[in-house]
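Chain lettering (A, B, C and D) follows the sequence in which the chains are written, and residue indices restart at 1 in each chain.
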Amino acid sequence: MEKIVIKYYKKPRLSNPVLISGLPGIGNVGKITVDYLIEKLKPERLLDIISEHFPPQVFIDSNSVVSIAKNTMYYKKRRGKSDLIFLTGDFQGTSQEGQYELSSKILEICKELKVSMIYTLGGYSIGRIVDNPRVLGAVTDIDLIDDISRAGVIFPKGEPAGGIVGSAGLMLGLGKEVFNMKGACLMGETSGYFADPKGAIAILRALTRIIDVTVDEKDIEEKARQIEEITEKMKEETTSKNRDDLNYFG
Amino acid sequence: MEKIVIKYYKKPRLSNPVLISGLPGIGNVGKITVDYLIEKLKPERLLDIISEHFPPQVFIDSNSVVSIAKNTMYYKKRRGKSDLIFLTGDFQGTSQEGQYELSSKILEICKELKVSMIYTLGGYSIGRIVDNPRVLGAVTDIDLIDDISRAGVIFPKGEPAGGIVGSAGLMLGLGKEVFNMKGACLMGETSGYFADPKGAIAILRALTRIIDVTVDEKDIEEKARQIEEITEKMKEETTSKNRDDLNYFG
Amino acid sequence: MEKIVIKYYKKPRLSNPVLISGLPGIGNVGKITVDYLIEKLKPERLLDIISEHFPPQVFIDSNSVVSIAKNTMYYKKRRGKSDLIFLTGDFQGTSQEGQYELSSKILEICKELKVSMIYTLGGYSIGRIVDNPRVLGAVTDIDLIDDISRAGVIFPKGEPAGGIVGSAGLMLGLGKEVFNMKGACLMGETSGYFADPKGAIAILRALTRIIDVTVDEKDIEEKARQIEEITEKMKEETTSKNRDDLNYFG
Amino acid sequence: MEKIVIKYYKKPRLSNPVLISGLPGIGNVGKITVDYLIEKLKPERLLDIISEHFPPQVFIDSNSVVSIAKNTMYYKKRRGKSDLIFLTGDFQGTSQEGQYELSSKILEICKELKVSMIYTLGGYSIGRIVDNPRVLGAVTDIDLIDDISRAGVIFPKGEPAGGIVGSAGLMLGLGKEVFNMKGACLMGETSGYFADPKGAIAILRALTRIIDVTVDEKDIEEKARQIEEITEKMKEETTSKNRDDLNYFG
């Protein structure tokens, strides 16, 4: 077996396709966004990526059937617009080498599929719960900024400070400097403490404008509300606990 | 030397063979089961697997003769039934990459030997000593469940929760999605605190029904009884120690 | 993608070129020196080195444009003197294997470019702030010592005690014993606690004599003065804090 | 550059050569023994092994000349006896994979050189200082025991308990099961707390009988005496310190 095995389900002819990548990461913001788009747009399964760069693990579904750790690409053909490719998965590569080898393999696939633009989605951890998460952008080419900022993405100087670590950054970096492909990274603000649909909604609103897609946001807003309730309850408990502590000492 | 060296002892023609894999793992349940079957059925040595994915270590036998860390396959021809192949060994691959490369190499060998079905055996750690360990199953294909559950294996929803990590899961996952092979994992409940023949007996009873083999269980039951005595003694000591503690404070 | 990708910007014909390597390391002394030479001499960009031996990371510039972690070589043609090649970068290889593979790749490139001599620059950590850092040398061939010591580099017996770890040493060692190339390592004394322009100035003065280059030292001296002010302030604060502590107890 | 580079100095025709391997390890016992034999017998340098499986490091000699981390083989031709090959070095492979790849490369070289027997030397850590260290043996073939035990090597059942980890064991294990070569491991007892010439002397006495060599033991005995003095002094200090402690409390 090769280090990375690509298992094709279809070999479609795609027209000017755009890749949207949302792998697990900070606040799982990128993955939640892409999984929501997959749930709503019901694209076709294109291929699976199985690799020794993922943990040696299978998941078990409710029927007791196993499925191996993987990444998966889906595609959606559209009339008069760019076709869409979605990348989601259980893991990013677990080692530095795995990150490079998986990202460059995905870019090779994109090259074959004649992908014209890559959007990688991720979280931008700010260490506190935020009510109205911003969406920050970074690009491979300065002339991409205008269009993307029109969709509400901001490009503040010096943010994110340390650059982008992991697949969302690497696919752009390798895309630009090795594969000659254009791309942008959209980062939704998140506390980074838990899976965060709110950061995902922020990205979703910007991204759907950029790629010209309409999706019903009801279900993801419901998820965000549930998370909010849980965190509100936790805050209250912490506050009342602190009050109790005061009483106790007071 | 290749990363994985296969050293064949025999090149038999096998009829519809079934692989039974029991490598070291949780409570060593899988390995105890397979080693017991090898002890009782006295199969022929088929091949050794030597690999840089095992620790750089030799064992020394009672004659001061070294033998390198390895995995070994045995085979047993049977009249009118599927032939049997057993896989046992000193270690699983010690790295993530090693796990993938060893599992896929074993599956390649199975493909060459025209193995029709893979059973991987393992432990299911429940964190406490259990009197009547259950055997849980997971499969590559839903239509395998009926036959296996008739042998007493159960398929509860949502168990094991986190999936299966390591060789027992990976051989099924890669078998299904890369090598197009069918398989099932049988997991015997165990505390996971020590090598546990009781979990192995539970698997043995189910497995022998599934593969239609009869083995005398006397010796493994004796081992289980010895372990039980030790753990009973430990419990008593803990209890009386706790009583002493009570006296001391009381 | 290969493990190491070389991206050429130019393919110049160089005359008897000399490599000067300053990658990140102790006190960043080597990198500061080479980056200062690049800033002042404005050499041409020769090539980028992109590799899975660097962290999977992109940096974001003030225009929100990403650039991948890399090493870069520059060249400067000179009349009547050896041409110069500079090597700088964001990282050294992060693993032992990465160190070897990157160093030997760089030496292969040097071989192709007919590099006649390699100077690797680094810091020599002495664990305290030093006013007049010395520059220590080590060489691949004993007959290189005379010329280099004339530039003020010293070759004390038994220093540095443990040898040289990382790229600055490895490029010499592999150069000498695998690639048949000559080289010297110049190590500027540094506390090793922070990026240290003072150690870099010491190297710069020796190196510019060796390779016969003149650069204005004003800007790097300014940086050194700024660092000195900061460390002076820290010392004063520590001293006055200690005095306070004395008062407190006294 | 390959992962392992072999740099030949000579290509001698050897007669029935025997390999004696002493790489760094427990108490450095094996390396001390082989280095002493090299010092006394003054064999010719045969080859260097340079590898990314060693640390990325150079050493600096008293002339400020660098030499890369390496393993080295020497050979000694003898009239009417087996020729001798010695293996010494700065390091063993630092990773599990490195251990396998280096050991199997060395065995490939041995195969080419038609080595008829391999002796690997090592320490057997017993966790306390021992006055008369025993030499324990382990072999690839039971019929090697007689000759070796005649030289004073003992083969007690069940010792060393956990087998042999690292190059000394692996070269025998791979030799036996992959390269079809015979070998024995001689392990000198040592506290394992420091470089221990006493364990080395014990091996030296057995080994020189086995390979029929005479060496003056004066210098290594002197080294052992120096170490003994240091440890005696440490013991006294500890004892008198304990007595002081008693006085203090008494």
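Descriptive notes on the structure:
FYI, a residue touches a chain if its C-beta (ideal position, glycine included) is under 8 Å from a C-beta of that chain, and two chains touch if they have at least 3 such contacts.
Worth saying up front: this structure is predicted, and the values here are computed from it rather than measured.
Shared contacts of chain B and chain D, meaning chains that touch the two of them, come down to nothing at all.
In the CA-based superposition of chain C onto chain D, the rotation angle is 90 degrees, rounded to steps of 5. Residue numbering at the chain A/chain C interface overlaps only partly, since under half of the positions present are found in both copies.
As a whole-number value, the distance joining the C-alpha centres of chain A and chain C reads 38 Å. For the pair chain B and chain C, the distance between C-alpha centroids works out to 54 Å. For chain D, no residue reaches two or more other chains under the stated contact definition. Taken pairwise by the contact criterion, the protein chains form one closed cycle in which every chain touches exactly two others. This structure has the following touching chain pairs: A-B, A-C, B-D, C-D.
If you check the complex, the residues on chain D that touch chain B are 93, 96-97, 99-101, 103-104, 107-108, 137-142, 145, 155, 157-160, 163-167, 169-170, 172-174, 176-178, 185. Those residues of chain D lying in contact with chain C across their complex are 1, 3, 5, 7, 48, 50-60, 62-70, 94-95.
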